[in-house]
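Structure provided below as C-alpha cells; questions to follow.
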C-alpha cells in the first residue's frame, strides 16, 4: 500500500507558479481572517500585473499589494480600512489611474464566484442594479436579459474565476482539511471558484483530530492544493477565535500609507526576510500575547 | 421590557392553516432525518390535493401521504424506498395516473429552491439536460436560453416555492434556533425557499445552550415559524447522531404497502391517536432503545 | 440626563425598529448596533439582527467593538450566518430593515459610496458600492451619517450606488414590491424622512441645541419643512441606563462624535 | 480463494479508480463503497470519495451499511458535505468518477431510471432520474448493476435519464468538455466498455464461470466482441483479505448477489 501524499510545504513553495498577471483572491472580511502571511510572501515574490479579486469587504491586503507595485487591476466591491478610513494606496492608485478598476459590488462578486463554483454558465439577478450607475460604468458585466418564465427584465452576470485563492484557517491537517474557529464565511465559495487553492493555518493537526468532528470541517482537503503552517498568519488582522487585530500596528501601516511611505513599512516588516521572521521579530515584546483570545 | 415570544406549540397547532392543495416540502435524504412526526400529523389532518415537493432523495413520507389520499401532485427526483425497493403507493398512483407527476431531478429541485431562497428570478444550468428526455416531458420547467456572454445554449429553470417546509432536528430552542447532529444537508436551502417553516426536535434546549456554540446552529430561528417537541420524530427513519432506522418496522410498512394494505398500517400506527402516542405504544418493548446510537 | 450625540442618534434609530424586524448592519457600525440592542431590550424583544462581516445573529456582546466583522460579536450569538445567507436575505426581502451610511446622500435619498467628482476623474475615490444596491431591496432603509454638511448632503449624488427614490417611473419599476426604500435619515443635527408627495427629503425633527436654520445651512439642497419642526425627543433615563450598563459598557458612544 | 460475485465486482470496480480521483456514490451502494475503500487502501491512497446522502467524505466506517445516506458513514470522515457541495461538484466537473446503476441500460450507455414502457402509460414507474443527468458531467462514469438480463440491457432505453453516447452530434455538443462519459459497465456476468468507433458497448471480459455466449444471450442487443474475450481477473488474496478484514467486516458482499 502506497502512502498518502502530504500537501504541506513552505510559503515559498506554496506560491510557486504564480506569475505576472495572475488573478488572485484572498479570503477574509475587513481585518478578519485575511491570509496576511501568504500575502506578504506574494509581496516578496515581486510579481507584477496581478488582477485582484477581493472579497466583498477587503482592504489591507489589496492596499499593500498595490503599494508593492504588484497590481494592475482590482475588482472593487469595498476596498477600505473600515474603522481607520479609506485605503490610502488604493485611493491614490485609483485617482491617478495607475491601476484599472473593475467596478462591481458584493452580490456581483459573490454570485460570479458561485457561477464558477456551481458550474453554472452565468447567474441572473433581479434588476435592482438598473436603479444604480453600476451597469453604465461596467456594461461588460451587467447584461440585460429577459426572464423566459415571466417576460420581466433581469440582469445576467458572468462567472468569476480566480487563478489562485489564498485562505487562512485556525487549523488544518496535512491533506488540507481545514477548520475556521469563527465559522464559515465564504471559504467554500472562494475555493470552489478557484483553479488553485493555497491555505495556511495557525496549527497543523492530525487527520484523526479532524475526523473526530467531520461536521466542523470548514473546507475539505480535496479542494486544497497546498498547505502552509503559518502562525500569526492573519496578523496584524484577527484570526477568529485565536487572536484579535493589532490596532497599533494597523495604525502604523495606515499612517505610513497616508503619507505615501508604505515602502518603509514593507522594508521594515516584509522584505528582506525569509517568511515572516522579520515581522514577528519586530513586534514589541508581549504584543502578540496581549492579542490572544482566551 | 416585553418578553420574547416562544414558538413552541403542539403538533396540531403547528400544522394549523395547512389547507387542501398546499405545496408541502419535507426535509431528509432517504430514511435519514425525515420529519415523520409532522408527516403523521399531516396524515391525521386528512387534507386533500397536496402538491408534494420532496428533497432529491425521498420516499417513505411521500408514499404514506399518497396512500392516505392526501396528494394530487408530486415533484419527482427520486421517490423510492432505497434498499427496500420502489415506493409501492407512489408506483401504483403513478401508473394508474391517480396523481400527477412533475418530472424533475436533483439539480432542478435544488436550484429551483435556491432561486427562491436567494431572491433570484430564475437559475441557468449548463445544457446537459438537453441530452436527456426530461425537457420533452416537462417543457414548462426546462426552457432554452442564450448565454449573453458566450452565445451558447443554456437551460433556464424557474423558482420553486413550497408553502410549508417540515424539518426535524436533534435539538432546538423555543425560538427555533436548531441543530442537526449529522451536519447540515439542505435544511437552510429548504427553509429559505419556503413561505412557512415548521420544525420539530428531539429535545428543546435553552437558548444559552444554543448560543454557547453559535457556529454549530444549523438553522437560525428567524427563519422558523413554529417549533414542536417530537421525541422519535424521525421514527421509523434515522435521526442522525441519535438513533438508527428501524428496519423491521420499515419492512412492515413496505410489505403492507406492496399488498396495497397501507390503510391497515395507518389505522394501527397513525390514525386515532393524539400525536404519536399510538405509534410509540405499539412499538415492541426495547426496540426504541436498541436503535439508539451511543 | 446628559447624553452624547451618538447616544441620541442610537436611541432615535432604535425607535425606527419594530418588534417583527429582522435587521442588518454592515462594517464599523457602533451606533446602529447600539440601536438594535436597545430596541431588543425595550420595545422589540422579538427583533432579530445580524452583524455583516462576522455573521453574528442576535449577538449579546456587552461592549461595542469597532467592527461588525469582529469575531468577538459571536459572543452569545444564536447563529453564525455565512455570507451566502446574508446575500440571500438581502435579495429575497428577508431583511426588513437596514442601516446604511454614505459619502454623499442626495435629496431623493440616493447614496454614493464610489467617488466624489466625475467617475472617470474622481476627486476622491471612495471604497466602492459594497451592498448599497440593496437600499432598493431591504423592506425599509434607515440612512445615518456621523457628519451633516453640504459636501455630504448634495442635490444629486456624483455616483448612484444605493437607490433612493428615482424620479423616473421606468427606473422605479425595478424596485421589488416588498421594498419601501429609505424611510429616514439620522444625523448629528436632525432626523429627516421622505414623507412628501415627490419623495423629497423632509425635516422631521431637529436635535436639542440645534435649529432648523442651522440644519438647512448645513444641507446642500432645500429641505421640505412642514409647519413647525419638532425637537427630536431626548433619550429617557432608562434608555440611557440600558445603553451604558448593558450595551456600551466601555463608553464608545460617549466619545464617538466630537 | 473463493470469492462472491459482489466481491469480484467490487475488486473490478476498484481497478477503475485512479490515485487522483474524486469519486462519488449515491444510495444503496455497498459494492461501489467497497471498491472505493479498497482502492484507497491499495493503489490509490490519494483517492477522495463522497457518499451521497450522508455527505461523508473519506468515511472510514468498518462495516458496509445498507445506505450511503446513513449518518454512521460519518465515522472517521474528514468532511460533511452539504447537498450544495455535491451538486456544485457534479456540475463543475470536480467529481472525476461516479458509479451509477439503472433500471435499463442501452447499447450506447444511456441509462433509464424513470419508467419501463411509454412515459405516458408506464408498465413500471421507476423512482425518477435523481442525478443521472450527471452521467454527462462526471469526468468518467462506471455503470454497474446487480443483474444482467435482456430486460435490463435493452437496445434503446424507454426513457433517457442518464446520457451515454448520443449518436447525434447536435446532442453530443451539450456534453461538457471535461466529460468522457461512461467508461465501463460492471455486472454479475461480465465487464463491458465503449472502446468502439461508434461507442457501442463492447465485451471487455467475462467473469470466471461464465461464457461469452451466456453474456450475449442475457443482453438485449449485440455486444461488440473483439477477438478472444479475456476472463475477468479474480481478486488477489490480499484484496480479499482487505475487504473482509477492514471494509466489509460483517460480510455483506458475501451474501448480496445470489
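Brief remarks on what is shown
As written, the chain order gives the labels A, B, C and D, with residue 1 at the start of each chain.
Quick note on the criterion: a contact is a pair of C-beta atoms (placed from the backbone, for glycine too) under 8 Å apart; a residue touches a chain by one contact, two chains touch by 3 or more.
Predicted model only: the values in this text are computed from it and were never measured.
In summary, the chains found to touch both chain B and chain D are A. Among the other chains, C has the CA centre that is most remote from the centre of chain D. For the interfaces A-C and A-D, the C-beta contact count is higher for A-C.
Chain A and chain C have centres, each the mean of its CA atoms, that are 28 Å apart.
Averaged C-alpha coordinates put the centre of chain B at 39 Å from the centre of chain C. As a whole-number value, the distance joining the C-alpha centres of chain C and chain D reads 57 Å. Of all residues in chain D, those that touch two or more other chains are 74, 80, 87, 90-91, 137, 176. Of all residues in chain B, those touching 2 or more other chains are 119-120, 125-126, 181-184, 214-215, listed in ascending order. Viewed as a network of touching protein chains, the structure does not reduce to a path, ring, star or complete graph. Interface note: chains touch in the pairs A-B, A-C, A-D, B-C, B-D. Interface residues of chain D facing chain A in the complex, by the touch rule stated above, are 19, 22, 41-43, 45-46, 48, 56-58, 60, 74, 76-81, 85, 87-88, 90-94, 137, 176. By the touch rule above, chain D contacts chain B in their complex via residues 26-28, 52-55, 66-67, 69-72, 74, 80, 82-84, 87, 90-91, 113-114, 119, 122-134, 136-137, 159-163, 166, 171-172, 174-176.
Every residue of chain A that touches chain D in the complex is listed here, in rising order: 1-5, 116-120, 173, 175, 177, 188, 192, 207, 210-211, 214-215, 217, 219-223. Across the interface of their complex, chain C is touched by residues 29-32, 55-57, 59, 76-80, 82-83, 86-87, 90-91, 94-95, 103, 105-107, 110-111, 125-134, 137, 153, 181-186, 189, 238, 240-241, 244, 293 of chain A.
Per the touch definition, chain B reaches chain A in the complex via residues 119-126, 143, 145, 147-150, 152, 154, 156, 158, 181-184, 214-216.
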